[in-house]
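After this come two complexes, each holding chain A, first together with chain B and then together with chain C.
Showing the complex of A and B:
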């Protein structure tokens, strides 16, 4: 997947988790959770969805690397290069 | 490979919510239910062509669409259900009635504040302090038991107000007699006073159908009329269940929603069952009344929480029933509902399980008749008249509740000692639901969600 595809995929997962999510004002370098008012349970769903779709096992100590949209893309790019 | 990755015992609200979470993320999940319908404590049956709900008076934790942190909306996200498509009817308003005073409350918190300001003019600063303390308290952080009675008395120092606030919160969600854990008080204060009451559109059946459909959409399986006889133990783990007809089903993990006493019996868990059996049970009488007769009753509220005595004592009564305090609910009185004919009145009072259990067939039936009449007569003191021209009447005793819901001694709020983390002596057997500790419909579902998230999805 390209960086743009990964970004779209993340946003699609979030949209799927939260029907209230709005991305118009989203700052790609600011924490997703604060901006979208998501809690730890929602965050777990992003991780679970990545596992379900791409068989990606993300260890808990690496969750902080998924904090912002940009850091998500950075983290996932090498892991999804063949996806 | 086991038959299922997760076997859930009980298709009530906690079991269904747990099942949806597990199935949503691809776990092969089976729910086993002893009865023919889902719901457990919050189910339904039909009489005279009318669908009657067994548990639901109102759902607590009302939250508007878009309030993302509200428990109701978090729950819908977790279950991947659309909150926008979920139509709710808020309460008209409810009332706490004591001989000395009546306090009205609704989903607008300022109504309760205004009532308190009028009746206890010197108390508003103290009440505001109470609200701040509730707002600041994290009831989900592990903490030792703390007395709500002492907490309230230290802040409010108004015994009447303390009793009045406690009546709805205890009767809608306290497994202990006399006092209440502070964490549970905070949960209930938010759920009842700050969030408030509502009903889903339709009946509890529609709500359950929605959850069952969601579970099946994720390929979850349910087997009705499949009581579990025992949980299979192998070495230091559990390996599945045996059904009453002898069939064995293997599972990588088992989640029990049948309470601590029920789970102990199924698994051969050696614990103090008496200490984990609640003493608070209730009898509920449903009366169907022609719409024209409703005019004789004061029915401008959704729910009355009444006490005919000057002080409030939450305990198992010495008699079969204690009609001196209780709940009167008009399930038709929610905003935007069309008037039903016949209309429903429900009256709930504390009951003594042990005394009901001692009665033989005919005595039991007569006691039910006698006490439901007393219950309706007591309600008449609050709503002007006892319901008249009743076209159909039915009562559930603690025995009815025990038989249909697997709640030991019919204790609707379960064990006074909860297992908050859902763990048992076996690493792959968990409990959720009433005895995990989150109560009410929203609470029970959050319990199922939380236990699956913590113990089954991470690994």
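Showing the complex of A and C:
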């Protein structure tokens, strides 16, 4: 997947969690949870969806790397290069 | 037990409900009951196919976001709707009541079955790898979940919990609310019952295995308690929440009063997992009457629990015939014939459906009786069309459940005394 595809996929997962989520003003380098109505359980929903879609097992200690949209893309790019 | 002090007299001041078939407030529910309109349709179940069922259709996002409905449970979604509707109906905005002195007591037949079945199905698509089991499972399946979802939605910080009493649970939660108000534990009680049972194939399958799941080519004819040709229960979802207040506080704020809870009783069969036991049910009715200082002849309407199983219907009717032998003026009806068996919500939904009789003096009918079972031929049975009464003074509401739990609530037209 390309970086753009990964970004769109993450936003799609978030939209599936909260269809009222607004992405227009989203700062890709600021924490997602500060900008969207997401809590820790929603965050686990994102992790679960990545597991279901791509069989990605993300270790708990690496969760902080999914904090912002950009860090998500950076973290996932090598792991989804063949996806 | 008859309470005479205004601070000990408990009154119903608000009703919020969603009933099978799309009746989402008391006025519409009453209209359909009086018209004899069935709320039953069909449902497509995982592994089982089609079955008659009572399904609700209400404004799920009126009081909370879709995101929160996805996070929570169907029972929580129903509960949030009913609780908000009850408060609106009662005209309570918490300017006069403290959220910390408000209790939420919700009766449930079961809880967690739906979520657990869904999760087992979910991991079945991943080779039963439990890494795919949702982190939402525990908060969704804790027994206090539906009541807790109501408190989160409304910012209520008083106590909340579920009352598990099988299909007597709605009445049981109502009784719990009364008791907590009388004890002074809370000043306002939101209490009632919820059923999300149509989401569980297992509940249908278990009744079918027991030979107690109703079948009929026309789903609106499937729920036929007291009829000779009945063949079991129609499972329904639904919810009903009442606001209960102490009479003095209700009068102070000029609340409309639907009725006063003047008597109640609960007891146990101590006998069988599934089979009901009439004599114990009769004792339960008798005890509720005694506590209300009423004689059987004082009861205007008796709402039967009868679910459409032969033994259950006959046991209850035998007890009613014995206790109400000299009460030809007591009208008897069965609400499940119209809405199916709403399990944990049954007792309260059925009571709610009868409450307007204090103002319209009508008794809603039992439907789907083509051939009345002679063993259920009670003299006061209202069949097919509503009956007009001179004046409805009291409603006795029966609600019984598996593993031998019986509950009776008596509500009286409110009169200042």
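In the analysis below, the second predicted complex is superposed on the first by the 83 of 83 C-alpha atoms of A that agree within 3 Å, B and C clash if a C-alpha of one lies under 4 Å from a C-alpha of the other, contacts with A are read in each partner's own complex, and residues count from 1 in each chain.
What we mean here is this: a residue touches a chain if its C-beta (ideal position, glycine included) is under 8 Å from a C-beta of that chain, and two chains touch if they have at least 3 such contacts.
Note that this is a predicted model, so its numbers are computed, not measured.
Chemist: Would you mind checking which one, chain B or chain C, touches more residues on chain A?
Modeler: Ranking chain B and chain C by residues of chain A touched puts B first.
Chemist: Give one of first, second, both or neither to describe whether A:18 is in contact with chain B, with chain C, with both, or with none.
Modeler: Touch status of A:18: both partners.
Chemist: Under the stated touch criterion, which partner chain does A:57 make contact with: chain B (first), chain C (second), both, or neither?
Modeler: second
Chemist: Examine A:44 and indicate which partner it touches, taking first as chain B and second as chain C; both and neither are also allowed.
Modeler: After superposing on A, A:44 lies in contact with both chain B and chain C.
Chemist: For A:77, is the partner it touches chain B (first), chain C (second), both, or none of the two (neither)?
Modeler: So A:77 meets neither chain B nor chain C here.
Chemist: Under the contact rule defined above, give the chain A residues that sit at the interface with chain B and also at the interface with chain C.
Modeler: 17-20, 37, 41-42, 44-45, 48, 51-52
Chemist: So in the complex, which bits of chain A are touching chain B?
Modeler: Chain A residues touching chain B: 16-20, 37-39, 41-42, 44-45, 48-49, 51-52, 60.
Chemist: Of all residues in chain C, which touch chain A in the complex?
Modeler: Within the complex, chain C contacts chain A at residues 65-67, 70-71, 126, 131-132, 134-136, 139.
Chemist: Flag every residue of chain B that touches chain A in the complex, lowest number first.
Modeler: Interface residues on the chain B side: 25-26, 65-66, 68-69, 74, 77-78, 80, 82-84, 449, 453, 457-458.
Chemist: Across the complex, what residues on chain A touch chain C?
Modeler: 17-20, 37, 41-42, 44-45, 48, 51-52, 57
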